[in-house]
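In what comes next, subunit A is part of two complexes: it sits with subunit B in the first one and with subunit C in the second one.
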Partner chain A sequence: MAEIDSTIEEMLVPYPDLVKKNRKKHLMVKDEAAACCPQIEANTRTIPGIISQRGCAYAGCKGVVVGPIKDMITITHGPVGCGYYSWGTRRNKARADDTTPKDKIFTQLCFITDMLEPDIVFGGEKKLAKMIDEVVAAFHPRAINICATCPVGLIGDDINAVAKAAEERHGIQVLAYNCEGYKGVSQSAGHHIANNNLMERVIGTGTERKNGKHVINLLGEYNIGGDGWELERILKEIGYTVNCVLTGDSSYLDIKNLHLADLNLVQCHRSINYIAEMMETKYGTPWLKVNFIGIDSTNQSLRQLAQCFGDEELVKQTEVVIERETARIAPVLEQYSKILKGKTAFAIVGGSRSHHYQYLLRDLGMEMIIAGYEFAHRDDYEGRQVIPTIKSDADSKNIPELHLMADEKMYREAHVHLNMSKEKYDELKKAVPLNYYEGIYPNMKEGQVIIDDANHHEVEVLIRTAKPDLFLSGVRDKYIVHKMGVASKQLHAYDYSGPYAGYNGALNFARDVVNALTTPAWKLITPPWETKEEPRSETHA
Partner chain B sequence: MLECIPETPVEHTTGKINPAKTCQPLGAMYAALGIHGCLPHSHGSQGCCAYHRMHLTRHFRDPVLASSSSFTEGASVFGGAANLKTSIKNVFAIYNPEIIAVHTTCLSETIGDDLPNIIKTAEIPEGKSVIHVNTPSYHGSHITGFSGMCKAMVSYLAQSDGATKKSQMNVLPGFVNPGDMREIRRIVDVLGVKMIMFPDTSNVLDTPLTSKYQMYPDGGATVAEIRDAGNSEVTLAFGSYASHDAAEVLQDKCGVTGIPLKLPIGIKATDDFIMAVKDWFGVEIPASLALERGQVVDTLIDTHFHYQGKRVAVFGDPDHVIALTEFLLAMGMVPVYVLTGTPGKVFETEIKKMLGDAGITNARVKAEGDLFELQQWIKEAPVDLLIGTSYGKYIARAEDVPFVRFGFPILDRVVHPLMPVVGYRGCLRLIEQISNALLERRDRDCLDEDFELVL
Partner chain C sequence: METVATPKVKQVNENQCQQCMPLGGVVVFKGVENAMVLVHGSQGCSTYMRLTNVEHYNEPVDIASSALNEKQAIYGGEVNLHKALDNVIRVYGPKVIGIMTTCLTETMGEDLERLVATYRQNRGITTIDIIPVATLSYSGSQTEGFWAATRQLVVYYAKPAERHNGINVIIPHISPADIREIKRIFDLFGLEYTMLPDYSMTLDRPYGGRYQKIPPGGTSTQDIARMSGARATIQFGLTCPDNLSPGLLLEQEHSVPLHNLPLPIGLQNMDRLIATLEKLSGRSLPDILERERGWLLDGMADSHKFNADGRPIVYGEPELVYAFSSICVENGATPVVIASGTKSTRLTGLLATLLADADEQPVILEETDFAAIDDAGFLAEANIAVGHSGGKFLTEHRGIPVIRVGFPIHDRTGGQRVLSAGYTGTLAFLDRFTNALLETKYESYRELRKEEMGIREGA
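Right after this comes the complex of A and B.
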């Protein structure tokens, strides 16, 4: 504890006073003796000049939430860059299914209005409208997204009016997202903007409930590396009908029917909790925070999920699948654990994964000693009970909050959704944390560090002093960490592997981590002419 | 693959579908990394900087550091001066670079931030520099941004100490890989001429793994070297899009003669490069270079039947594609579709002239095009080979065309940033890649009875 405190002090030394004062509030060390979680500062501005990992609202809206919807054409309204960088770089896999044939999948294409100087001077609305017309004529999409980039808001292009007019011309939905990059303080603003629009315009407009006894949605799962497919495999085998995975491999048609499911599962709390909460308000749909990263946590999530329906057959089948899958996976993981046991990791990722992967690492005998998020809010650290106490500021006020009411026709109480009595539901709520997320803090151990919006300087100091065996982050940090002699895995893109979720995912992750730590080249760093007298075998041990 | 792409031509006059260019700031950031001890700075919202770093990192698989002014809505309304000044102060205090190279974004350009004035009034420690370039994303492409940052290096840093020039030359290498820059340096070393190359990302984006991380690696042209570029006799500027403008500014500012050249990709362009050095400095061409050239000619004669007469589609950055097209013609190939995403007239003029001289009259040549259009052309009349960046892989799979990756970015293959395509050695690599792609296809597609050991 004292050691980590001094590391943090040392880390803050080069900072100018204002930076120091600010950054201190974004750091905390787990103190098990303390009665409750200390307050952390999160979702506030990054100080200019600090090399942050954060992106922008556009990246959160287009890149994360709406980009993966496979049968919508997403047009980026702006100059060429934003659409180009978010083209094919998040590994959201998609394939044809019963309702979406191959020629209705557009996610491998990139559509940009490519605003040029005259568009900035005279406005880009006409160009956008023309592009929509051409795209509809050429591709016949079921619906269109328009995502705004920085200059759009500044020059005052009214993308909502363009979208409305296009809807009238073409008879399909055209959704406009005011997700200019300067909105909010990070990707998080974009998640919220995307959630709002899908909730307001798409969810609830369908009428076809998928067949099945227990129909569920999996929210906040983006099918990176096929994670969503692995989870669908497990859930279907247990007996659930997966209505929609939002938004990995999702279709516009499925999203329209989102409200017809009995229960929402929430995997990535940060990016999708708004829809979960708004659906609870509007349709009464209960939601359950799950974590399908790690064997124990997958098993626990499946058991909690089974409890929600008061169906003995479902509980039984859950145990059958858990037993079989665990028995299949456990012996292999045990072999990997022999190599990984006692190793340490840092994870500085997004807004959910640093929590999720703690469980998988523990399955493998590893500990995440430093955990951080790029764009989380206080509730992701401390738990949702703090939401009413979070003060809004100039940046968060710019993101509209939808104030929804219960839908007169479609609202049903949670126990009705779950097909049980009110009393039984109240009992269930005591056993299963429905509509709640506890945050990352409770799962961390004494002396472990939580860091919000970590920056390059801090990462460098922490790696030098706390010397982890493995660094889990994004591609921008990956090679920096390698140069320091530490293994790293990308937790956004999985180093192009995956899935990492569910049972098969755990195996893939364990194998990839073992490979990262044991690849023979780590022993080749010191050239033989620098090894002086020591025998080679010892130097290379 | 890409079943949604219409089989017949459709109206596509507006915007880009599957663009073949990206925005200026990325090029400016890449150029800035070729200055020693430089931290590129993106004056805009965080997303731009995050995207550029990500994209460059994916191509080079090496650290790419850069900072951002982290605009929020407030800064977008009231101007970004305070953000930039705070950034400059914090960057020097925390990351301690020798120089900050600022580029703008569509955000700061649209609100009209006055960079020269903001920089003038910023706190810059003694002995450190801040330079800038305006890189609105709604103008040009990443190549324009690269060119702009090269110009900024000249206009901010290069100085002429007097009328007498030093017997040294400058090289503006263009938007090429560190491996290419290393090869250019090797050739110039062999020729025995003193050279200042800027930007130079060798030893910056191809660094060794030693366990001792350096935020500012050993490579890059130092500020002192770029300053001294004003005292050189001559500048070789590789590529009309990426380098010619900076050479012109240097000529106007410091009286350094600028020699505009193609990127030295292919035998003719490499000959031109070497002859330019020979003509200016009167050096003898060493036998080792003559040998390298002879090996290329030998290989071309020995292997021409693998590729001669094949129809090829090429896309990528204009300087790369202009030089490569010249080499493909020297190989006896038939470039039928030649496309760049970057705007500018030189591209079409140069390519059409080359194709015309080679008697190829039915080719489609387009600047400011996109890959959707290229795919539609290929659907109309197929090609034997596609050459371009990683984004071409979708077309290659959908249309079942052999594919050679070339240029920037290559996001799905390894080691390429270290392997030069410039110079005579680069010719051999290109011949090998092109031949192999065609031969792999022949081996894959042929009947068992036609499957042969020797090809």
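Right after this comes the complex of A and C.
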């Protein structure tokens, strides 16, 4: 404990006093003796000039939430940069299916209005409108997204009016997102903006419920490296009909029917909890926070899910699948964990993944000694019970909150959705944490560290002093730790590997981590003509 | 030229071929000793630029941000910029800070010169050079950003200086491996020179030693200051517009004669450099370079029968497009499509001269996108492509192999080590080019012959 405190002190030394004070609030060491989770500061402004890992509202809206919708064309309205940067980089896989043929999949294409100086001076609305016409003529998409970049809001282009006019011309939905990069404090703002628009305009407009006894949605799963496909495989085999995986490999058609499902599963709480909550309000659909990263956590999530329907057959089939898959995977994982047992990890990633991967690491005998998020809110750390106490500030007020009411026609009580009596549902709620997320804190162990919005400098100090064996992050940070002789695993795009979710995913992850930790390169750093005691001096200082 | 497609006949930019202007500027400041770079805009810009650079260079690339929010977008970003500078100075201790503007701050109309002057005054900063560069992406791509930042460095540092015997070497955005090769060639001629920028160590750092936040290497500011007294400038910038040309500035303001040359990629382009170096150094071609020229020529002769089958698409930044088109032409693989996402006033004219004797004239596309390149390549029966990773769709759609050069290379490793400069680099490139054609040949030879002879499988 004292050791970690001095590490944190060392880390804060170079900062000016105000920055030091600020950053301290974003740090927390787990103290099991403490009664409840101490408050952590999160989702507040990034300190200028320290190299944060955060992105912008555009990245959260286009890059994360709406970009992967496979049968929609997403147009970036702005100059050339942002569109390129968000072009296919998150590895959200999509494939053709019964309702979406191959020529209706547009996720690998990048469309920008390429605003030039005259557009900035005289406005880009006409160019955008023309572009929509051309895209409709050339591709016949089912619907279109327009994502705004920084200059759009400043010059006052009314993308909503352009979208509305285009809808009338073409008879398809054109959704406009005011996700200018300066909105909010991170990509989290963009998630919210995207959630709002999908909720207001798309969800609830479909009428076709998919066939099946138990129809579910899997929200906040982006099918990176095929994660969503592995989960669909498992869920289908147990007997669920997966209406939609939002938004990895999702289609506009399926999103329209989201409200016709019985239950929403929430994988990434941060990016999609808005839709889960708003659907609960408007349609009465209950939601269940799940975690399909790790064997034990996958099994637990599947068991909780099965309980939600009060269907004995479902519970039985769940156990059959769990037993068979665990028997298949566990012995192989055990071999890997012989190498990994006792190793430590440091994760700074996303707004949910650090929590998810704690379980998979524990399956392998590893511990996450430092866990951080880039853009999480307090509820992702401390649990949803803190939401009413989170003070809204100037930045969060800029993101519109939708105040929805129960839909007159389509609202049904949660127990009706789950096809059970009210009494039984009340009992179920005691056994299964429906409509709730406890955050990462309860799962941390004594002395483990939570860090919010960690920056380049802090990562460097923590790697040097806490000496984790494995660093889990995005690509931007991985080469620093390589330079410091520590293995890394990229948890945004998986270093072009995956899937890491579900049973097969656990195997892939274990194999990749073992490969990372045991590569011979780490042993060759000191040349034979130097002893380990005299580390090689700076080669070119 | 057979066809010069009019740019912007359509509004749609589908699969863009260029990136944004500050991205180029950032790389330049990575090539200055003890420099940090700060992007004045929303947080996302710096994060995206780090991502793109990190994926290409496979190195840590620290880019600070002033992290503007809605409030600053309306009331101005001064406070954030000053805080950002405070923190960069405290944590990184740089001697130079480059500030790139963005679409956001340019549209806001931020006056960077004033903001920086106020900062220096308020904080009493005298020992750190803070250099803003206007990089507005709605008026240029990363190519213009690279030239603009390089020119701004010259404007900032190059004051009237004593004449000296050194040479200025000004490069476009090439790989660290290419920079090292060009430096080796200059060293072989025994010339004293200043290369600007020089990110050959900072963005391709050898393993070993203590991790430093600002990696060692880069052009020193003293050397940049002395560029105005050099006896000549060699600038690899045939396509560089006059208003962004650092070499032209040195010539006009400081009377340093400018030798504006093509990149030494390709035998004839390299010969042009050698001729210039012989003149400047008074030395004749060093033995080792003569041998390297011989090896290259030997390779060209041996591979010509395969290369003649090549129908390349060459795309990317104008300066590289010209250089790689030259290699293709001199090896009998005349490009069928030459394209750039960047607008260049010079490229088309240069290509006309290069291709004057070609039997078949290529399609030339400027300010274009990959949708247009793909269409043109298909019509022209292209069978190989040369350019950055953005063209990977040519392989996915049409089975056309892409020889990766330029920036960014994010779907293959070692972007920083791709060597194409000098006789040695040209040969390395040529072998990759020829072998890609051979691979296609080996894969399809039997099928093609069967088709010709009307033999059907199982018949």
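Everything that follows uses one rule, which is that the second predicted complex is superposed on the first by the 530 of 541 C-alpha atoms of A that agree within 3 Å, B and C clash if a C-alpha of one lies under 4 Å from a C-alpha of the other, contacts with A are read in each partner's own complex, and residues count from 1 in each chain.
Going forward, contacts are C-beta pairs under 8 Å (C-beta built on N, C-alpha and C of every residue); 3 or more make two chains touch, one makes a residue touch a chain.
Every value quoted in this text rests on a predicted model; they were computed, and no experiment measured them.
Asker: Taking subunit A as the common reference, can subunit B and subunit C both be placed on it without clashing, or not? Answer clash or fit.
Answerer: Once both complexes are aligned on subunit A, subunit B and subunit C clash.
Asker: With both complexes superposed on chain A, which partner does A:113 reach: first (subunit B), second (subunit C), both or neither?
Answerer: It touches subunit B and subunit C both.
Asker: After superposition on the shared chain, which partner residues are touched by A:443: those of subunit B (first), subunit C (second), both, or neither?
Answerer: So A:443 meets neither subunit B nor subunit C here.
Asker: Looking at the overlay, does A:105 come into contact with subunit B only (first), subunit C only (second), both, or neither?
Answerer: Only subunit B is touched by A:105; subunit C is not.
Asker: Looking at the overlay, does A:14 come into contact with subunit B only (first), subunit C only (second), both, or neither?
Answerer: Both partners, subunit B and subunit C.
Asker: Quick check for you: in the superposed arrangement, does A:251 touch first (subunit B), second (subunit C), both or neither?
Answerer: neither
Asker: Touching A:490 in the superposition: subunit B (first), subunit C (second), both, neither?
Answerer: neither
Asker: Once the two structures are superposed, pull the subunit A residues common to the subunit B and subunit C interfaces.
Answerer: Subunit A residues touching both partners: 14-16, 19, 45-59, 78-87, 89, 108-117, 119-120, 127, 130-131, 134-135, 138, 149-151, 153-155, 181-187, 394-395, 398, 456-457, 460, 474-476, 478-480, 483-484, 525.
Asker: Which part of subunit A faces subunit C closely enough to touch in the complex?
Answerer: The touching residues are 14-16, 19, 45-59, 78-87, 89, 108-117, 119-120, 127, 130-131, 134-135, 138, 149-151, 153-155, 180-187, 394-395, 398, 456-457, 460, 474-480, 483-484, 525, 536-541.
Asker: Note which residues of subunit C are touching subunit A in the complex, please.
Answerer: 10-16, 18-23, 38, 41-52, 54-55, 58-73, 80-81, 83-88, 90-91, 102-104, 107-108, 136-139, 141, 201, 205-213, 216-217, 341, 390, 393
Asker: For the complex, give me every residue of subunit B touching subunit A.
Answerer: 1-6, 10-19, 21-23, 25-26, 41, 44-48, 50-55, 57-58, 61-76, 83-84, 86-91, 93-95, 105-107, 110-111, 136-139, 141, 207, 209-215, 341, 372, 391, 394
Asker: Considering the complex alone, what residue numbers of subunit A touch subunit B?
Answerer: Against subunit B, subunit A makes touches at 14-16, 19, 45-59, 75, 78-87, 89, 101-106, 108-117, 119-120, 127, 130-131, 134-135, 137-139, 149-151, 153-155, 181-187, 394-395, 398, 456-457, 460, 474-476, 478-480, 482-485, 525.
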